[in-house]
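By letter and in written order, the chains are A, B, C, D and E; residue numbering begins at 1 in each of them.
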Amino acid sequence: MSETILTVDSVTKCFGGLTAVDDVSFTVQKGEIVGLIGPNGAGKTTLFNVISGYYSPTKGSVVFQGNDISGKPPYHLAGVGIGRTFQVVKPFAGLTVLENVVIASFLKHPKRTDAERHAWQVLETTGLADRAHVSAAGLTLAGRKRLEISKALALEPAFLLLDEVVAGLNPTEADRTVELIMKLKGQGLTILIVEHIMRVIMNISDRLVVLNFGRKIAEGTPAEVCGDAQVIQAYLGEAAA
Amino acid sequence: EERNFFKIGVITELSGDLVTGGNITKRGYDLWAQEVNAKGGIDIKGKKYPVKLVYADAQSNPAAGAAAAERLITQEQVDFILGPYSSGVTLAVAPVVDKYKIPMITGSAESPLIWRNKFKYTFGTIPPINFTGATSIKTLTQLKPAPKTIAIIGSNDAFSKATAEAYKTAAEAAKLKVLKFSIVPSGQDMTPLLSAVRSMKPDIIAFGGHDEEHVKFVKALRQIGYTPKALLMHCGITDKAFTDAVGKDGEQIFGTTCWTGTAKTKSKILWPTAAAYAAASQKAYQNPGDYTQGGCSAAGIAFQVALQKIGAKPGMNEEMRNKLVKAIEEVDVQTFYGRVKFATSGEYYHANIGLDPLTVQIQSGKIMTVGPKASVEAAAQYPMKDWKSR
Amino acid sequence: MNLLDVQDISVNYGDIQALWNISFSVNKGQLVALIGANGAGKTTTLKALCGLIPTAAGSIHYQGSRITGLPVHKVVDQGITLVPEGRQLFPKMTVEENLLVGAYLKRAHGKRAQTLKRIYSIFPRLEERRTQTAETLSGGEQQMVAIGRALMQDPQVIMFDEPSLGLAPIMVQEVFKVIQELHREGLTIFLVEQNVHQTLKVADYCYVMENGRIVGQGTGKDLEADQSIREAYLGF
Amino acid sequence: MKTTNSRGPAILGILVAALLILPLVVHDTFVLRVLTEGIMWIGLAIAFDVIAGYTGYLNFGHGAFFGIGAYTIAILMMQANLPFWAALPAGGLAAGVVALIAGIPTLRLKGAYFAIATWALSRAIQQLALNVEFTGGPDGMRLNAFLNPQFFYYLMLITVGLTFLILWYLLERAPFGLKLKAIREDEEGAKALGLNPTKLKMQAFILSALPTGILGGIYAYWITFIDPSSTLGDLVSDQAVVMVVFGGMGTLFGPALGALLIFAFKTIFWAYLSDFQLLYLIILGALIAVSVIFIPNGLWGTLFKRKAAPPRREEPALTAVVAPEEGN
Amino acid sequence: MELLPQALTDGILLGGIYITIAIAFSLTYGVMHVIDFAVGEWIMFGAFTGFYLNKWTGLDPFIFLPVIFVLYFGIGYLIQPVIHRVLSGTKGNPFLMGLVFTFGLAIMFRGLALTVFGFYSNSIPSMFSEGSFNIDQFGITVTIPAVRLVGLCYALAITGFLHYLLKKTNFGLGVRALAQHKDAAGLMGVNSKRTGSFVYGIYVGISAMTGVLMGCILSIGAQMGNEYTIFAFFVVVLAGMGYLAGVPWAALLLGLVQSIFMIYFNPSHTLLAVFAILYVILLISPRGLFGKGV
């Protein structure tokens, strides 16, 4: 497995005077799970937003499956196979869970009946099928996080960006989500994930990229990164060491 | 339908932007009906038929006006109609009354547009503004020392703009130099514009607008402290409400109208004189009434005269109504309002051309006619006294 | 006597009942924790306690007097405060203004200069950022402001709703350190957390919630030893 | 929602059939006129709801499309001497083109800003009509009278009926409606799912403008007189807002019901209680205020307990920045 | 060119009027997130109250400003809970509902006013309506009507007062907190109901006082409200909704545009220009002139 699916090439993103992402480069290979970690405010979500087209990079470029996608709008990227979730889960609150997913299914299934059938399948996979007709606003946090994943999956993406989909879940719920992620990996999906819960991130990631103050300070297997003095000092804290 | 009273539809603006004008027309129609009924009704060949007014609010909206006409005609089965305050609503109502062949006389709408359309069943007792506007300009130019320059401002609604244009045409004809001619959006504060006007020092400032704008205009002029030799507005100033609102700042303002409560008119029908009408109005509404209200009462009288002439009884059929239209076209009568006679051809088709337009001036809170010569009650006070020394 | 006494409270969201006859109590100076699955009703419990949502039944007593049904501003006036889920700072205000709003109450207003100093000594980071608007702070910094703001009220009971949520490990340790510190200083603490391991370590006493009901209780050690609790809430 | 989807069309079918034979039974032209106007308001309300209820953009300048349609037809018929049938589509087209041109910049605005920008735009258009020659300025325009009540009744019925059907298909059956709702709920989030909000909003705006312009055109020919204050004023926009909110936003039946009831209330009051004309304003105002308090979901939403009612969004936008990890 | 000083003066004075109309309105929007369609009607009610008080007592209407403030403060204070209820509803879209609610109020108030006050226009006389200051120096001629100057001073005083209240008092801190996050403000001990009522009361009170001023400068009538509502919206949006500090600048800009347009361009296009400018500014800067609206 060494086909590169995503290349982040010296990406910098500034907001006014603030450099949220500072000259970050890394690659993601097809089929692997890469964890993106770093202290709060390190620029992880910002980098996600750059990759998924919400921001265009101030400098640098993002190459996806050989095409330069920097600056392309999100809906275009959804079309070429990039699915993402949001750290702040925002379901379409006025719609049902099913409708939420159907909207994403339209991308590959323009007919409404097909889209609905596909959405049901996705909900089965993510374990939300029994809540399909519930208003999305009535879901618990765990449910909403799962809905967030369902919507991204309904796009039938090749590459998935998950932003803190486990945060706030209790350990059991977290385990179920981890299982789901592993299952998706099994289906050949490539995943870039942000998470603060070490128990989760260390277990599922093939590789880790660590950001601090917008810069990449480390990259490697979980074990390598855990031992990195800089990472301990900036992110993990003494207790973890 | 057999009835022993005349059922008359009234379409006017009882709500919406033009509620003020609409209510003034209502007073005019009501006062006429009251007076007729106090005398037992309209005397048709010795039998008296009282009148009953059925109102329909046009909501200051042409569509509502048309619906009102349709309702009054088809559901209320009125004998004829007294018409709206504004030209816009009148223009929407006229085709409907034409279609059903129901005569309508409006006591107010005075845009020249109505008459150009030559609606067969629509009449009006107030002469169009382009007909009346010239008189005042003429009166002013005859004053000494003769004014040489004029600034004309009009609000951007159909009536006010027509007023301003009428003044402009008349001023150019009278060889006055028009220093400024501006149309302004309705309801705005005109102070900056008047500052510009002030710098040109015109002898006359003429303004076409509605009630509320008149008040704003005078106050703005007063606030910037420019006193022209003559300030001319339209008939709006003849309403008592105007003098009430502006007080002594209203003194010596000129206006154009075709009737005042002191007009020298004589009549055998209902009120013998304008003064008698004004007194009746004062009694009913604590307001002597203005030319719009008078015009509306006169519209009733015009119907009355035509009905009597053809001996029409309530519940007229189409033939009778056509006769009535013919009779209205032939009306030529002296009323408290002056002579009512409708044109039967030309650009004033079915508008009242029997009246002599008047130039009036507010003197000691009263509306005095200062021109033309035949109607003069008092000499024009000219030039206007400075705002500050009042 | 219990400082805070909750008896049989129920809460509804429209047709849905979220809490079913919840009872528990908190002693003065204790650190009591509440754990449970997502959607168990923990946040709801906290909101009901401080009057942010109405209770359908039951009673809440604080220092022996009934506070059920009091509006939130009256409850906090009595000395209870909440560090809410998601921090809920005033985004356009600076750090210092956020803290000063904490001293809005009469009780706290007089000594606000003093308390402010103390908070800056606990969180020196905040003093560095005092003129920065809250919305531009990092997640951990925001959490510090939220805690500081609650402390500005000079409360006797402070309730935390998932203070470690979304924080980097190093910040989580920091927050737990502060909580323990406040506990040592004698504040009464009611802690809702998803980070069950840590929580059970620091709590004097702990309640477990499920589907809107209290289903278990005990000291932190007891619960950690309990097999069913381990399976349900500790994972792995 | 399921129930309205299946039963709604059936009830609607019966209703349409009744409406179609009505003029054969009822000869009272006033009743026909009132019905014609009532149907027109239904059309205006549902067209308004495409952008307001489905897409979440409250257009306070909806009346501008109506006026543009009316003026286009008046100008084409009176100045270019086109027959009505040729002018009518142009009315809708003109409104659509204005929607396209105005939509590109305005649809970038959010919430109250969009509402007020569209309102300012409609005011500007009104001022424009007051100030150019070919519209007749404040004098307005008169069209040649063709006063056939049946003709206008059927024309209005067919236009609004078709509008309803097309909208119903697009919004309730085809993916389009659901996509619009996604934008209403969360425009940013919708992008991640492959939706192009700019394009969809544009389509909705034009879809809202087209029928409105056509209705304006029919109105002009029917009433025979138009001027800036009656066709380009606040009347249409204001009424549309009230009708849609009263009936229930984000559905087609809600606005239709709202339009019908409010129009009926107005008309009955106007026709039969005209002595209380000012009381009417007081009652209408109070009715609006009270209905907002007691039926915040609108009549339709309350009667049929829609689950999909947009719930209350807590502190808008602000908290999102501060509280990236939102809980419940 | 000789007209320029006067044009600027007129524009600034007109701007002063717009400040008075909009400033309190902006405050309520900022705190309660309600777009009050009835703002013009509050101005109208205040104007008529001043008119009748003057008529009955013969005293200068400015003397009654405090009375009118207190009276309308009370009315606003009492009405606010209803608006609050609408805005904190859990169903529908409360923001829209609030908008429609006040829209209903405005219609009702207009009907009430037409019934009670009648349909005539009027004017309020005051000791200030007479005088004016004339500057005639260095070839510059400028007239400043006293009553408009008073209006400008009033506007600045109110602006100063609101600024002080919001920025320097504990109450103001609570108000600002409430504006940004209702629940969190409650947790800080801010009584959201009472504070909301206070703010709404202040707004209604100030608007009513403004009405008296308008009656002295311009005219009054039962249907006058609509015009003021339009300009209040205009200024508040231009300033950035709820951004109080932007209001004076937006108001002055509006006044100046109107004045300069009336003097130097075709006056008939004044409103066209005004609306077009609002439109264009919103497109360039979607959150008002300063980009600081909420």
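Going forward, a contact is a pair of C-beta atoms (placed from the backbone, for glycine too) under 8 Å apart; a residue touches a chain by one contact, two chains touch by 3 or more.
Here the structure is a predicted model, which means the values were calculated and not measured.
Asker: Please state, in steps, how far chain D lies from chain A along the shortest route of touching chains.
Answerer: Between chain A and chain D, the shortest chain-hopping route counts 1.
Asker: Chains in contact with chain A and with chain B: which ones?
Answerer: D
Asker: Which chain's mean C-alpha position is the greatest distance from chain D's?
Answerer: So the chain farthest away from chain D turns out to be C.
Asker: So which has more C-beta pairs touching, B-E or B-D?
Answerer: Between the two chain pairs, B-E has more contacting C-beta pairs.
Asker: Computing the C-alpha centre of each chain, which chain sits at the greatest distance from chain A?
Answerer: B
Asker: Where the centres are mean C-alpha positions, what is the separation of chain A from chain C, in Å?
Answerer: Centre-to-centre distance between chain A and chain C: 30 Å.
Asker: Centroid from C-alpha atoms only, then distance chain B to chain C, rounded to Å. What do you get?
Answerer: Inter-chain centre distance comes to 75 Å.
Asker: Between chain A and chain E, what's the gap in Å when you average each chain's C-alpha atoms?
Answerer: Computed from C-alpha means, the inter-chain centre distance equals 48 Å.
Asker: Of all the residues in chain C, which ones touch at least 2 other chains?
Answerer: Counting only residues that touch two or more other chains, chain C contributes 39, 88-89, 91-92, 139, 162, 165-166.
Asker: Where in chain A do residues touch two or more other chains at once?
Answerer: Answer for chain A, listing residues that touch two or more other chains: 87, 140-141, 164, 167-168.
Asker: By residue number and range, which residues of chain E touch two or more other chains?
Answerer: 90, 114, 180-181, 183, 268, 271-272
Asker: Quick check: in the complex, which residue numbers of chain B touch chain E?
Answerer: 15, 17, 19-20, 23, 156, 182-185, 187-193, 195-196, 199, 211-212, 214-216, 219, 222-225, 241, 244-247, 388
Asker: Would you tell me which residues of chain C are touching chain E in their complex?
Answerer: 14, 50-52, 71-73, 76-77, 81-82, 84, 88-93, 97, 100-102, 104-105, 109, 149-150, 153
Asker: Given the complex with chain D, which residues does chain A contribute to the contact?
Answerer: The touching residues are 45, 52-54, 73-75, 78-79, 83-84, 86-96, 99, 102-104, 106-107, 110-112, 115, 133, 135, 137, 140-141, 151-152, 154-155, 164, 167-168.
Asker: List the residues on chain E that touch chain C in their complex, please.
Answerer: Those in contact with chain C are residues 90, 170, 173-174, 176-177, 180-181, 183-193.
Asker: Provide the residue numbers of chain E that touch chain B in the complex, in ascending order.
Answerer: Residue list for chain E touching chain B: 2-3, 6-7, 10-11, 13-14, 17, 114, 119-123, 125, 129-130, 132, 134, 143, 145, 147-148, 217-219, 221-224, 227, 258-260, 262-263, 266-268, 270-272.
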